[in-house]
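The two complexes that follow have chain A in common; it is paired with chain B in the first and with chain C in the second.
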Partner chain A sequence: MRYKKREETEEKMSVMIRFFAQFRELLGTDIITEPLSGGALADLIKEVASKNKEGYDAIFNENGAFREFVIIMKNGKRLDTAHAENARVADGDEIAVFPPVAGG
Partner chain B sequence: MFSQRELERYKRQMMLFGNEGQEQLKKSTVVIAGAGGIGSPVALYLAVAGVGTIKIVDNDMVEQSNLNRQILHNERDIGKKKVDSAAETLQAINPDITVWAIHTTIDAKNAKSLVGNADGIVDAMDNFPTRYLLNDVAIVKKIPLFHGAIRGFYGQATTIIPGTSACLRCIFPKAPPKEVFPVIGVTPGVIGAVQATEVIKYLLNKGELLTNRLFIWDGMRSLAEDVRVEKNPDCEACGTKKERRQKRK
Partner chain C sequence: MIAIQTEDVDIGKLVSDARRRNTGAIVVFDGVVRDDDITDMDLEAYENVAVTELENIARKATEKYQLLHVDIIHRIGRLSVGENILVIVVSAGHRNEAYEGSRYIIEAIKDGVPIWKKELTKDGGRWVPGEQMHGRRIERHS
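Our next item is the complex of A and B:
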């Protein structure tokens, strides 16, 4: 039993989701998730964001796609929203989700 | 050459960068696009630092509801053109600089001539369409653009050196939706101070600029972070692919 448990943990990864600005207010930040290996980045963010409807709606449109102005960074590199849909996450990844602000 | 008054005024900062640095600031021209929440601290700090020529551009009049953050203006300025009120404040705070007040809306036709041969452009706008215009002018003229934007307690800033760093479109390819944004005056205070610091460092050729980095301020947590950003080769404003296409034409 013990042995099996260890095997399970080895398959799980640790991915950190960081929200910024309004997203942070609605969803919190520095959320450590443990998705199964090879998981889709978009699904992971959807899962984390689904705890707050307003937060989810701020990031995703009615079709469940990223809103086009949302900035998504994976380990400090920006992914355009179209690529982010299909991107995969790996153990140790840090995903930042950021709404640009426009006021002056 | 500096007057006695100027030497006295700038004494404490000349300890940092000497006569030469101060001369550098004095002979520089900076365009500040916007005399609102961000434009106010930027203009005030550049004026007191002794940036020789400040061109401030805005199309608005001072309203009561501006006064929680737009610290260039006061109660008596309500109804005046923002740029006139700005010029009065800046000249009062430093009579040894030149201030140009330009009351106009920045658009595709006038953006290039408004910028002229300035040494830097400060983005103190409140909307992305005009920011993209300034970004295009910065790229064409190879003049640095100092970006800042705010909402509520949050802000962002970055410095764009055309040709070498990510441009505004590389970082923000799509504009966020328009809104009447909530704001507390301290936020543009923080972001404007960061932008003014960048301008001064650039003019003095000192320090490390915020290029290829997006500075993010979270006033609610008193947390400043920066995230790495990079040039997008497919960028519609500065992309190398676009350059190649243009050369072929």
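Our next item is the complex of A and C:
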């Protein structure tokens, strides 16, 4: 069996982060990130959100966990926020983060 | 027709086009920008996901209430007081299916479709709070 070298497994990827509504106002949107392969989704969002304290605090609580009302989508599919804490990102993923919806 | 668009909607044409030979009832829901002491309203959507979810809602409503035709058109962008926000046209054989199908569709939209509204006032603006959906509740309208 051939094992991948460390530098191969930590190859950089391209992942798009999209914020909506008040999160977009605070943090911007359509942010292209280049995390290392196998990175945690929550860590990536924390890193991007940390550029604006108000934006970060809108999404994460004082323990660094997603606030209960925050909705996370990965490639158009909702993730339970508890599951999102442990989810991983892959090359080409589109991650959306938004507050409760209010259409209609 | 399922769409998210900035343009207004020709409701009369949608009603005409919703008629089928076995149509007995057509119900129109027209959501309108209400004057809650606001100047305008800004609407935004996660468009590709929202359209897919509207299509799923229309399909489920069609199956559940034996609908003959469904239109859902949600507008985005800046709208003034009195303008149309959301138009739902439902055609069915009988009034019960038409009313219930229409109600199912609007409640499903409010429950989970990624669209947001910001009310603009003279002093700034305020995001309209969502009614039900949050990240720990992902199963809806099964």
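By our rule, the second predicted complex is superposed on the first by the 90 of 104 C-alpha atoms of A that agree within 3 Å, B and C clash if a C-alpha of one lies under 4 Å from a C-alpha of the other, contacts with A are read in each partner's own complex, and residues count from 1 in each chain.
Rule of thumb we're sticking to: a contact is a pair of C-beta atoms (placed from the backbone, for glycine too) under 8 Å apart; a residue touches a chain by one contact, two chains touch by 3 or more.
Note that this is a predicted model, so its numbers are computed, not measured.
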Quiz item: Clash or fit: chain B and chain C on chain A?
Solution: clash
Quiz item: If you stack the two complexes on chain A, which partner ends up touching A:Gly76: first (chain B), second (chain C), both, or neither?
Solution: both
Quiz item: Touch check for A:Phe66: first (chain B), second (chain C), both, or neither?
Solution: second
Quiz prompt | Touched partner set for A:Glu85, first chain B, second chain C, both or neither | solution = neither
Quiz prompt | Between chain B and chain C, more extensive residue contact with chain A | solution = C
Quiz item: Which partner does A:Pro99 contact after superposing on A: first (chain B), second (chain C), both, neither?
Solution: both
Self-check item: Intersection of chain A interface sets (partners chain B, chain C)
Solution: 20-22, 24, 68-69, 71, 73, 76, 78, 80, 96, 98-104
Self-check item: Contact set on chain A toward chain B in their complex
Solution: 20-22, 24-25, 68-69, 71, 73, 76-78, 80, 96, 98-104
Quiz item: Of all residues in chain B, which touch chain A in the complex?
Solution: 34, 36-39, 123-128, 148-152, 154-156, 171-179, 181, 183, 188, 216, 218, 220, 227-230, 232
Quiz item: What does chain C use to touch chain A in their complex?
Solution: 31, 43-46, 48-50, 52, 74, 85-86, 106, 109-118, 127-136, 138
Exercise. Note which residues of chain A are touching chain C in the complex, please.
Key: 18, 20-22, 24, 66, 68-73, 76, 78-82, 84, 96, 98-104
